[in-house]
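After this come two complexes, each holding chain A, first together with chain B and then together with chain C.
The block that comes next holds the complex of A and B.
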């Protein structure tokens, strides 16, 4: 298990190095002066520019420049936003948790809905319910997310008035910022209206999370259906039947765990897709997350913000990827041993 | 009394080009305490037959039979669930490739303990767990695994094939079966391990009076362990009889060829001459010959072989052939010879 962990950590470090290299090179590729792209100080005076050049070691070789850039990143200094002239670090700390919250809730919904539906379809393979689930999955996958978001607002917020259409929580509630993840902050706060705030925040997250979850859920349906069909055809299931186990025992004791193992690996991959969908959805639902902020930065040609936003988001996706790898290893005894080339 | 009595069992497969008769009216009977061998080339439907008996075939296979009796109970009258409940209690099966027949993500101990029926355990529910564990250890000892604690807490991929097969046998024994179906139990094993597994099965047969249906493609090896043998070819019944009858006096040309192709029979051949084999290979499921399926390969085939032969019984030695090889006893042979001689002498006069 230790070697497995070390392997994952080294993979993480090297991937992050490559990502910083990419964001470093973006400063050269974007229009404008490199050091201004690095730091985001568009209104710097001559003396400040000299200071910046020294800080980013612009007079030395490109390797030294990269080293200086890396030191800045590791110290948590992403520079200033070109648009607002406030440190990007603060904005990221404020906005990233909201995105993490939204995307994790969406992932949870997608898995909780998608995987059991896929299993049901696989168990009733080639029957009516299988076909119905599969066609629904096809339909759900083909709906564009921005259209679905607008439609959801139109129906559930404006038409039926069940759920709020925008924001993370009603402005009436004053929740102190601790972690940035709204639910945890609410639980930590000592406001007398804690539970009202909690239900209000949940009402706010349902609509955007469901809109984000739709496409990944359909993918999970298909993945889990294929995995379950494969597992049910395996010889150990036949052996378990010959052992005299009932169908339910076979499904719950043997089939589900083996099918989950096959799916878990894809969860990390699907998460990148999910975050992309979340960015669009954040714009539609005015969710104060990093996705909306990044898209706005792109509109405003805020190159420093684009760079750091990409770096932080990809770091987040990669951490989730590694976490799913750990869950995979915990579920699958075959992955825990010494394996080469993985 | 016959433990298992199957008459004219057919198995059909749904394919895009209509149904294919994979197993064509095979009969099989097993007596109590007997070890019956089921021999045939790979693809001859032995495994299908075994899986059809225990009822674990997938939905695309369709099974019909004229008679299917288990210990005097007509199974065809029961519903599928009743049949499964009855058979899973009394019949156990071990498969080829034991490694793939054990759940790769579940510990051996758990897989063994879930095979133990809770009816076998006495005592209150808080004692059950301990009893279950004791029963698991006992089962492992029974199949010759001494390091039970290591075996219980390991996953299938951490064990060797032979140990996995022993675990499979232990799982099969957990239900205290009356009949054990062993489907090529040693297909992927080395010869030393093969011997161990076969000896274990023979012990179980002798000590527990357990009947065994031993499925294999290796006729010569099977003769050491079985008392009766049924031979199949391409899904058709070929010949059945005691091991001596089959091995020493085969009546069907296919069995003859099987016996002749064994390594022992080929020992006397001069060097660099061709080994004894039948020409051609087993037909694929899509292009089965009509009538006797051995027809195109059979050295004794004649025109009548395009219709399927009926099973004829020679003192318990059943054979399905139009032109069986008849071995007559030496006395009878000499009498015949004499009569023939007499005739020719008379003719000369």
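The block that comes next holds the complex of A and C.
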């Protein structure tokens, strides 16, 4: 387990170095002055510019410049947003939790819906229900998310009026920012409208989370179906059946556990996909997350924000990736011993 | 075998749906109390500042002016007669150079988490507010950039010699000359009164810039919370000097996208929406109300007269001749606007029906271009504003129409657009060649159209983004201000408009109505013919007692359809 951990950590560090190198080079590739792209201080006076050039060691070699940039990043100084002129770090701290919350809820929905459906399909392999589930999965996977999002708003918000279409919570509720994860903040707050706020926030998250969850859910259906079919064909299942165990015992004690391990490996991979979908969905549902912020920054040509946003998002996805790897390794001893990585 | 799995399959969705209906169900029932006492307004953009003295942007004025502040005097009633506000009465000497205001003695400033007033509003606050603008050595003059666009464009500091405190509740303005627009300018949203006590406190704490970010005023609402690009939350000012506002909480949901504003309106996530699209859709819903008001405004196509090729008036004229205004009015304004002959709308008393209008004549445009030395045409950029305003509900579409019109005379147009605050900033730097913008009047004074938009002083530090400066035009405006004789003033303004049509620094396109949509459960006037919107009279349910209309400010004329 130790070598596994060390290998993952070194992989993390090197990937992050490559990513910072990329975001560092973006400052040179974007139009405008490099040091202003780094710092985002578009209204800097001459003396401030001199200071900035010193801080980012612009007069020295490119390696020193990269070193200075890296020091800034490691100190949590991502510069200022060109559009709002407030520190990007603060903006990210405010917005990233909302994205994490939405993605995790969507992931949960995708798993809770997708995996059992996949199992059902596998158990009824080649029967009608299998075909129906597979066709639905194919259909769900093919629907573009922006279209689905708009359709969901049209039907559930405008047409039926069941669920709200925009934002994290009705603006009438004032929830103090503590962790940024809305549900936790609501529970921590001492507002007299706490439970109304909680139900309001739940109503707000349903539509966007379901829209995001659809595509990953269909992938989970196919993954879990394939895994289950494979497990059900394994000899230990045949042995269990020969021993006279009931169908339920076979599925719940043996098959599901072994199939789940195969699926968990893919959760990390799917998460990257899910965050990409979440970015588009955030725009559609006006979700105050980092994806929407990043897309707005692109529109406003806020180079500093684009750089740091990309860095933080990819870092976040990478951390989730590693975390699922750890969970997988913890659950499956076979993975830890694998000398040649995975 | 499959039975066992079948048994849990329906339970899960059932559980989820039960959970959801439980949540949404109790949500509807309990939220009523909170939402009844609050209004959510979907606004089109973020304010640039929380001090109306510092900006002439309509978005900013709408958001802050009438919510947070009061002026000394206001326009009242259908005929727009000046009436008392923070000043209960005023007196003008016969030569028009000394104006004395007698102030109310029962006005309290906002009490917020960041400031608690210890005294009532008095003459010091008036002096503080105006000296900040007038006196360049005032401790607060340079705070937030030292730009007071409205007052600088009409050269307020040259007009006002000084502001005197006679006693605690009497203030006298001494003017260098008689100016017929002085009182009208004091009645605008820009002449808001700030708290001198708050200023002193910030000065001692060495954080003077906070005065424009964390505002303290006398208005019917006080600021609770502001998140850039997201929301502004106001609470009611319970010690307001008039009857307090009917709603307790006012939230501005900042939604720059016009489709998201429509969605939120249809999904009941906002009670009132600014500049709605899809008028027919709103009109056919029984739970929504579309209202419009004939406001004093003009949407125009301006040229940067300091840049090639628009430094040549022949080019400006040629381009103007090539534009089919009627097509723009039919498409962009859905025929809900009057074609502009010049910058002054028909509803202004100074409007002259004989104003010449440059027609639509692409053939003449082409020949003018040849005379100007561009027989092959040229390539130009056109900056289209990214937000909707009453005077221009869709600048990008308008830009495309203009692009098509100009293509016919061989001029290629590149359309440029930025996020609103970036757009305004770059515009003020003069990076553009031509642009689409407009002007909303702040008072019924005709001068309000001329001086802030096209005077030389406005080209230096105001809203004149054409950077056009014409001595003769400026002198006419000065003459018109020096006299109170209406017919003389009218003729001066007619001459000024003739100069505009001759020089063409901009092409006036339309005077339009301003639209707003609201749920039928929201009552009370919000829009007004000029100046910012006000939620003071708005309420959610039917008021229990008859509202007292004795001393209401800024009651506006409204046309609903």
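In this text, the second predicted complex is superposed on the first by the 335 of 342 C-alpha atoms of A that agree within 3 Å, B and C clash if a C-alpha of one lies under 4 Å from a C-alpha of the other, contacts with A are read in each partner's own complex, and residues count from 1 in each chain.
What we mean here is this: a residue touches a chain if its C-beta (ideal position, glycine included) is under 8 Å from a C-beta of that chain, and two chains touch if they have at least 3 such contacts.
For clarity, every value in this text was computed on a predicted model and none was experimentally measured.
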item	value
Fit or clash between chain C and chain B when superposed on chain A	fit
First (chain B), second (chain C), both or neither touched by A:208	neither
Contacts of A:309 with chain B and chain C, given as first, second, both or neither	neither
Touching partner for A:300 - first (chain B), second (chain C), both, neither	second
Chain B versus chain C as contact partner of A:157, first or second or both or neither	second
Superposed arrangement, angle subtended at the Cα centre of chain A by chain B and chain C, nearest 10 degrees	160
Contacts of A:140 with chain B and chain C, given as first, second, both or neither	neither
Partner chain in contact with A:40 - chain B first, chain C second, else both or neither	neither
Chain C versus chain B, contacts on chain A by residue	C
Touching partner for A:174 - first (chain B), second (chain C), both, neither	second
First (chain B), second (chain C), both or neither touched by A:291	neither
Superposition-derived minimum Cα distance between chain C and chain B (Å)	11
Touching both chain C and chain B, counted on chain A across the two superposed complexes	none
Chain A to chain B touching residues, read off their complex	233-236, 238-245, 249, 253-254, 257-258, 261, 331-334
In the complex, chain A residues that touch chain C	83-84, 86, 112, 116, 120, 123-124, 153, 157-158, 161-167, 170-174, 193, 195-196, 199-200, 202-203, 206, 247-248, 251, 286, 288, 296, 299-301
Footprint of chain A on chain C - complex, ascending	1-2, 4-5, 9, 12, 20, 23-24, 26-27, 30-31, 34-35, 38, 40, 224-225, 228-231, 233, 249, 251, 253, 255, 260, 263-264, 266-269, 418-419, 421-422
Chain A-touching residues of chain B, taken from the complex the two chains share	51, 54, 56, 58, 88-89, 92-93, 95, 97, 100-106, 114-115, 117, 155, 157, 168, 171, 174-175
